[in-house]
Structure formats: structure tokens, C-alpha cells
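Report on one structure; see the data block that follows.
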């Protein structure tokens, strides 16, 4: 249950203390205080966790200082959209804006292999005006005997090179809380030449302990990938774990679902859910065309399927694209077969631009014809 | 096994007769003759069906008059693409062209209810330059106690009204061979004011008896929907049933897959397979956004999900769009909740045009940058 | 909507005529009369089909002669169980009883290939006391170039040999209404030496035209297989098509669902639904272990997976087992890899007996301890 | 790649040192030493991890001291079965044997709520001769606002009560490495009155960091549940993470797969995989009927679906049953609707006994008739 306090209530008021005292004495109920800084005032919400089924909603609403009490259900969550809300659907990190209304491309290496390849990649990104990238240091692999990533040892040179080529945000998967500390330390050590967006992969979407840790760690924004065998609802609830611990700078990532119905693609591409996530939540939506498709197959027109599904996500309003490139795909340690090459970057970026442009025309078209705005 | 004859071989040549005689005497093997009219010559292929595993490919290739013998596998089929082929990827019917390189929109009624609604729909289509529509007379329903369509009784007025508003092709689902005869008869009776594309729905994708019947009935082109619980490969094989009986004027339709992983959409939208079907086969590809999505939910930008997924299919090269409209969705007998209204038609068509335009720019972009052509 | 008439109402009474006259005048409503012969009286139900949403339930209940009116929903169907009902959950055909409380094994050939193999199979069945078998004459195949069964040409010798070895019921798949006529004719021609249970395969579960035809054809009992990509609910509704047309002698068959989550089995075995179908409907439940598993792999104990899943179905109360045998699996034209051999029949039958015995002990155990009966 | 050393090779031999020196100098390759204590000798294997694709198998096999080199593939893993192997398929923990040839029932509370309920449960278990139970202290929940378990605070009384009622092994889910430490500490503090089997739930099946930690922590046996959206192969590879770090005392748990094809059950019951896991690996196989079924629905015979699927797992050779009980299901904090009650325990245990008895008869039947042994 969420209790929304009246806007004029301060934490040292007697009313606040009385209310908290009352709530603390409810049996089997824990209270967590959540504050959201609005433009003009602070919104305070109290989250009651535990045996809330035993509480009477009307009684709770009539407590002094309470504006409204809401049972937490699918329709309501910190990251969710409510009918009348004016909460933000965007945030900024290290000079880059992430919102439901803009688009950032994160092209880069699925797995960091060596400084040469990292530099080749970052250089070409800068040449084409990109300020974001993806770089995988920690790689969860299905088979324990496969290469698991270079881990913290590669972080210093990755960060330094990113700074050299003016990259502002690197999306980087983490699979354990120590990885966050290692990233912190390496950024510190190298003088913060760049920023990091922590990426939580599909195998850890419901690793709630990791989510809670990263939720408390509010420094980094988070890209949470959808779990590949669970419903959209369940994955959105996982994102809520981050928010309920305090980190609302979350981008939600679609990456395809595991089922042979999607063959011959590696996963069943689920980018039709881009508008759904934007309707249900305040999160910007990322698409991962590389892991969805998993091959370099092309249609007869000469366009790669990876490019087709990227265009599909973007024309429906996707806000971030995470895409695998590699200077020499045949030598990539992980997922080489699906990687694009640096010389394909301009074609890819132009393809994305065409799709984004079409998206914006579509929005204008519906506004004009529907006489909206 | 498919045996491709030498191009200069006529059916009354002795070599042809000797070959056929030899093949007819093979145990447990049936021979079916298939001819494809090319621009300059007739291509004759013999399909051997039955215990072909016992045949030796080399021996077959050395028979007099045989150019090549090919084992039928996933990679090879009449509707499939072969590496070196120059077979057509388009056909024309009643003045309308259906190809892998163009786009037709079929907006209309999921289920015909009465002449008034049919006329309202056709009139608005003509006003916006459309020459195709969808009109459902035979409706397969999950529940036997639901409305099953008006059947043959509505055909005469549907066809006459189509003629009145210059509609050239109506996509119309059939679920039994008698429906094809009824359509034939009603077109005859009304003086062929329009044309019909027979539509085979997802519940009948593997109703091979129906496919064989319609394959032998070569008058009408066919829209075959993908089966909603089978792999893409299996559905493409079902299309091959039509072709193996003689009808190669087949459009392949994507309409979403049944699994709760696609929630809150009615089905899991599978339009990422548009480029895949074009790569694997010679069939134009249709998308059915209405049955895939199943609702009128919209994203925060004001665009319906039905429009988003349509744009996704079109920007990846879809060649046909089958979409539900209804003058009064709340009174529609079938699938009202997902229908668009006639006053939304111009927005919808403009949305499709934007996406198609983007598709064409994408193709041009990849050609220029890859220096193709 | 279903209208249940008062038990004492005859068809030539004035009240009946008045009621029918009233119902026939309802707009957009068709009336279908359904009678079920009970032990002491005839139960007459009227099925209203069409725009029944516009009817008021209370008004309908108060019409003269009406005992009760029920909206048809998931919970209600002819084949469904209702709370207070005393309808039969069993039927007899050609001397064999099919009920929710007994068990019949149908071991036989997936596809008839020649008289020798048919006779070898039937002979060993008789030697082990079996009076049922499966024999496939019409085979729907994914690939149009695969062997499609010997069709009507094999029927006479199959039926005669069945008579010779005292087989009373043959389960035989049909995929078109003409097959039913052919079976009729061949039984007539051979003097009805045996009986046939018409089998509708998973590709035709929602081929409603075929279901309606066979529903009207009330001579043969029917085995309807579950559709492999649809929910259980949808398949049960398909069975209702048979019943709504008049044939309630239906056995419902589980045969596994198509998804790679069931690998390495060919399909995802769904026999946990045996008790569910018995709870929801009056139909006996059949399991098809051969097509579910699709291989001859065995566990370390030496028991084939086909035997394991058979035992799983039977210990949960399955009423019929459809299982593939072949004298020489390597020469079987269809599905050889999953077939058991005739010398494995006694082991298999004993395995089934052990599982059935356990099922009966389980029922006795729950009765004693729960003090039921 | 796995390199199996010659059996007579000691770690201080020169040949061993030379070999290790050679391997350590291979680029991008890490070497991990794994020893397995056999009855008469120690088997030493070296696991090469990293860019093993660049190594030549023949060259590796010819190195001094190497008996055999094997590329790690699906067919080979520590927990996997190899054709010629004599490795154990059982282990013992705290006086209880876990093997592919016996059966243990773990009935208990899904979530510990208070000492009274815990004691009620343990008392009835002892009365019916049980020495194992399940007790959930750490509960991963889809919704962050749901009750998450009492955590470490309940451990002391749970362990003490277990000791009082002679329970030897408690299955207990952990979701973070600190939970293992807390369990260690609580057992230490209470004087080790019982033992714990660490349970890894379906949401953490591919939480490889947790698996690696628990793999290194070799004190406790582990129950690893199958991931609910991944293939069986992928889950078996996850188990291999435990083994590759040193813990081979692993039980593999089936708990149903997430898909609406299993409705009305909560998950699609996958117990047909019991014999498959036994064939592919050396792990005992556990079934979790409660989470698979998720309801207390019963078949017309009066047997709960939970009991039906338990019997299905056991008759196919399951080695462990994890089942939810609760003294007052309506007051259970988690998953109450699926719980059995303590007064149903004797019926349940007898039901399991009947199924196990049938399994043993089946094994005897196949042995006699196949003349095995």
C-alpha cells in the first residue's frame, strides 16, 4: 500500500511523527519513506510492505496528514504512469538526456577483447558524432566453460579510451554487486573520463538481490533488460525493485523472447511492446536488435534483419538502441555472428535516422489530423 | 524429389515419353508434372512423391532429358527462393499487382453484418483511392455458439457494392471448399463486378485438404495466414501445398503467434519475420495488425498500437496490410474492439504512407552506401 | 444461450409450438433443437445462436415451458460438467465401453503400409487380449512431398484383417469428410467386420467445417486431439462443435504441445491435463505417448520415455492410450523412430497394467482416508 | 576443453609440472584443476577455459601425462553421464541419501510465518516418519511490495524446532550469498541440530555469480530448480556452474514452465523430463508439484491435481518431492492456495508410496522381460 502525504507536511511536524508512530505499530507491516523532488515541492510517499491485506483503505485515508492511500497493484508503481500524473519521463546523466521523447544509439562491443579493438570502435563512433557506446566486461554465459569477459582488468583502458574519444556514457552489464564497486573504483582511478549505465541482463531480470543493491546505489542510471521467459508485467515489476529502493533512472530494454516460434531469429523479436512500455510506465525504452536477431542474414533488398528490426523499434518510438559492432566479427569472443562492422556504421546510423524521422512525422500526422495540441 | 527437364524437351518427343514411362514404373513413386511459363520458354518440372529416399540422385540426373534432379528439402520448394533463380516474385490479379516490391492496403470489415455498413466502408475507401478491401462472410469461431458469419447469403450484395465503388479485390476467408464454389457462383451471378482473394485463416493453415483443393482451383489468388502455434518453416511448407497443386499466386500473411508472452496484445506480433519470408520465398508478405494487437490501446503520442505495428511491418518491407475497420465498432458482430473507424482511415493511410516512404529511403540508402546497382 | 425445456413438454403440444414460434421471430437468432435421451425421459434443450447478447435472461426464463435459460460460457457446454448434473461420462461402441472410469489401449500402426505388417500387428494384439488398435490410412504431413497414406485403397484389407483377429474398434485419422464416406463404404463392402473411431488430428482441431460434418455424422465415435498451439479451453470448445451438431460420443486426446521448452522430446508432454479434462468435461481422456515423445530414448532403468509418459498419463486416470507400434520400425513410412515393436507389446501392456493398478489404489486410498462413499 | 590426466600422475611429478607449465603459457587460456576421489584412485582433470577453439585436440592428447582430451560440449559435463562412466549418481548428507535410485519427500512451509506453524508442521512430519522438510525464510517475490520472508531472524527457531522433531535436512531457498553465511551462522549458534539443502529458485537459475559462490561453498548440498523460460539444456548447463566450482552434490528440480499453454495450472507441468534428466546427468531429480499446479483443484475421483502430478513424477522415477503444506492455508503469507494441510499428509504420503511402488514394479517388469541382470 502506498500512502501519499499532504504536500505541506514536514518531517519534523507533530502530525508526521504521530502518523509514523501509528504506522510503526501496525503488526507485520514495514514502512519505507520515499521522496520525489518536484519543481515546486517535495512529494512524500510512505510504502507499507507486508501484510497490507489486513489494512482497511478507508481507515488509512482518514489518518491525519494523509492525502490518499492506494493499494499497490499492476496499475500503480513508481515507474508506472497514472492517469493524472505530471511525473518526469526523462532524466539526464553525464550530459546525455534519456527520455521517452528522444533517441540515443549505443553501438559498441558485446565483449571487450583488447585495447586495439576498443579504440577502433570508439574512434569510428566519434567520427560519426556518437557519444554513447556499449562495452561488455562481465559476460554471463550459458556454458561455464565459455569465456566470461575480462572483468575489472579491462576497465581502466576502456574508460580512458572512452574519455579520449569523448564518449559520455558506456552501457556495461553487471552480474554482481562487486562489479558496481569495481566500476566505481576504475572511474575514480582514471579520473571519471566517462560515465557508465549499468546494464542488467535478461538472466538477472529477476535477481532481486542485485536489483535491490543497484536500486540503493543511486549514482548510475540502469538499463534493465526484459526477462526472456516471463511476461511483460513481471519484467516491469522487476524494474520497480530498482525504483522502490530509490533509483528511478531506469531504461527498460526489449531484447526478444526465448521460443522457437521466433526461428530463424535467435529470439522472438518483441519490439511491438515499445509503445506498450511507454503507455504503462515512465521509462525510456531501449531495443537490442543484435541479441534479438542473432545473425547477419539480410533480406533481398540488401538490408540486414538487424537493421530491419532496429527500424521497426525506432518507427514505433524506441528511445535507445543497443547494437553490437566489432572490427573483426570472426575474431569476436562473444556473439560475433551478429555483429556489424565499423564500416557499416554510417549506413546503420542513416537507417536509424530515416526511421526516427518517420516516427516524428507519424506523431505530427496524428496530431494534425486528430487536432491534438 | 524434383526433376527439372532440359528446356528443349516437348511432351510429344520420344525422350519425354521414355522418361515418363521409366518414372511411372518406379515402385511407390507418383509423378506429377508441373509447368511454369517463362518469358521465352516453358520450364517443365516433374515432382516425384512417395518413397524417394530409395532413389539415387546421380542415377536420376543421368536419365535422358533430365537437366537436374534436386532432393526437396527446406531450402527448396516451388515458392522458395533458390540461389540462381529468376522466377517471379510478383503476380497480377484483376488489375492489381501483388509483389515483393509494392504495397496494397486491404481495409475493411472483419465480418459483414449488413449492406449499410458494407456500403459505408466501401464508399470511404473509394474516396481515399483504395481499390482493395477485406470482407468476412465465413467466420470460424472458437465457440460453436458464436455468430459464424452470414455466408453465401451476403455475397451478392457485397460483390455488387464492391463493383459500385470500383473495388477490384476483396480478401475473403474461406473454411471449406464449398465456399469457393459459392463465391464463384455469386461472382458469376452478379457479373464479376470485382475480384476475390481467398483467405485461409490461421486455424486452417495445416488443413491440407482445403489447401490442396484451393491449389487445384487456380482462378483465385490466395492469402495464407501463418499458423499461430507452429514454426515459420511449417507454415511455409503449408503454402507449398497450394503451389504443389498448381496455384503459385500466394501471399503469405503474418498475424501474430499465440502465447501469453505477447500480452497485453492479443497475440505476439511477429512482423520481424517480414524480411525472413521475403528472403526464404517468392511470396509477397501480408501483415494483419488488427488480429495481432486485438485492442484500440494507444501510446502516449496518441498513435494506436495497431498503427505502430502496421508501421513496423511496412518499414521492413511488408507488401500487403489487412486491417479491420467498422463504422460502429461497438455494434460489430466480431472483433469490434480492435476495429478502426472510417474517419480514422485518412490518418491510417497517411501513417502507412510515411512508413512505406521510409522503407523506400532505407532501400535507397543501403544501395548507395553499399554501391549496389 | 441454452434454453432447457420443462421435462413434460412434447413437441406437438401447443405450448411448444408457441414457444418455437416466439423464438423464430427473434431478430438475428437461430434456434437449434437438441434432445438427450435419459433413462426415464427426454431432455429437450434449445440452442439459440447469433446475437444472443441482446436477449434478457430473465425474460427468457419466464417464457411458458422454459425450465431454465443459461448463457453459454466457458463453464457451460454439452460436453462440460455442471455442478448438479447426472449426464453420462461414458458410452459404448461396437461392444467396447469408453468412459472416464475405464481404460482401453489402442496399439497399432501410425501409417498402414502393407497387408503383411497390418496382419503381423493385429495377430500379436489378439494374442495379448486386445480388441482395439490404431491404423492410419490418411496421413496429413507437414511437407506436401511426403507420403500421405494409402487412403481408401487399404481400407478393405485393414477391415477384413481386423475382423479376422477380432478387433472391435480401429482408431483412424480422417482429414476430410469424404474419408468418412470412404470408411462407411469400405465397412459396408466388407460386411462390418470391425468398428471405426474417427480420429481428428492436431492440425484439424479447429477445422470447424470438418468437426461440424462429423458432428452431424453420428454413426462413429470420435477421438479429437488437442490443438498443439492453442489453450486447453480452445480445444475443449472445438470438441463442443461435435456435440453441438449432435455427436457426443467424443474422446478427448492429449498429444503434447509444440514448443522447444519440451526438448529433447518432440513435443511438450501435457498429460498433467488428464485430471483437468475429466474435471471440466464428461469426455474420456486419451493420451498419445508416441507423438508426444517422438523417440525411443530410454532412462537408465531401461524404460523407454514413451513408457514413462504412458505410465504418467495412466496413473492420473487416462482412459485411452494411442500408441505406435511397427513390426520393422526402420521400414515404417511415417514416424518409425518412435514406434515400439511387437515383441515389446507384453512389456508395454504390463507396464500399463501396473500404472492402472496404481491409479485404482490411489482412488481407493483417497476414498478410505477421506471417508468418501 | 577438459584434459583427463593419466591415473598414475602425481602433482609433484616432473611430468605434471611440465604439463602445467606448458598449459599456463597458452595465450588466453586459464587452467583449473579438478579432482574427483574414486574408490581406488584420484581422477585429475584439467579444465581449460577461454579461447580453446584455437587449440588442436590431437596435439593436446599427445602431451605427456594426458590420457584424453575432450572438447566440452552438450554431451560432456561433470554432472553429465558419459557412456563408459562409473561415477556416482548419489550422495549422502547428514545421514540422508540422495540418489537416482531412491526417494525423499520434503513436505513443509513455502514461507515460514511463525514458530507455532513451524512446530505444527514439524510435529506431524515426525509422526509420519519424515526426516526432511522445506522451510522458506528468503522469498523472492515478483512484486517488490509483497512480503519477502522473515530472513535470518527466523532461522534459529526453525533449526531448533527441526532438531526437536528429528528433522535431518531442510530445503531452504537462498537468493544471495549472504544468506548462506547467515544459515551457516545460525546452524553454528544452535549447535547444528539439523542440516540444510540450499535451494536456488527458478528466477536465479542463471544467476551465475550466485551459482559460482555456492559451487565454491561445498558444505551444503544444493537443489537447483530449472529456469522457467529456458530450455532443459540451458538449465543443465547452469547446474554445471555449481560443479565446475567444486560442488557436485546437486539435485535438479523440475517445477513447471511458464506458458499459458499449461492453463488452468499455474505452470506447464514438465515432469515428463524426469527420465530425461536421469539419462543425461548424474543428478537425482526433484519435482515441485505445488508450484507447478498452483491450485487445490481436484479431479472427479477426489484426488487433488497436486497429488496427480506428484504421482506422475514418482512413477517415472523422481527422487525427491518438494511440496507445500500449511496448517492454515488461508493464513499463509505466500502461495496459500496451493498448500495441502497437515491432516492430508497421510493420504499424500500413501499416494506417493503407491506411485513409488508402481515405479519399482515397472523397473522389475522391464528387467525380467528384457532379461536384464
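Just so it is clear, A, B, C and D label the chains in written order, and each chain counts residues from 1 on its own.
The rule is short, and it goes like this: a contact is a pair of C-beta atoms (placed from the backbone, for glycine too) under 8 Å apart; a residue touches a chain by one contact, two chains touch by 3 or more.
Predicted model, so just to flag it, every value in this text is computed and none were measured.
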Counting C-beta pairs in contact for A-C and for C-D, the higher total belongs to C-D
On a CA-centroid basis, which chain has its centre farthest from subunit D's?
B
Measure off the straight-line distance from the CA centroid of subunit A to the CA centroid of subunit C, and report it in whole Å.
50
Go ahead and note the Å separation of the Cα centroids belonging to subunit B and subunit C.
33
At what distance in angstrom does the C-alpha mean of subunit D lie from that of subunit C?
39
Of all residues in subunit A, which are in touch with two or more distinct other chains?
229, 231, 257, 259-261
Sites on subunit C touched by subunit B in the complex:
1, 47, 49-52, 72, 140-147, 175-176, 203-204, 206-210, 227-231, 234, 237-238, 240-241, 244, 257-258, 333
Of all residues in subunit C, those that touch subunit A in their complex
259-261
Can you list the residues on subunit B that touch subunit A in the complex?
81, 89, 100, 231-233, 257, 259-265, 268-276, 278-279, 292-293, 297-303, 305, 307-309, 311-313, 315-317, 346-347, 350-351, 354-355, 357-358, 361-363, 365-367, 369-370, 372
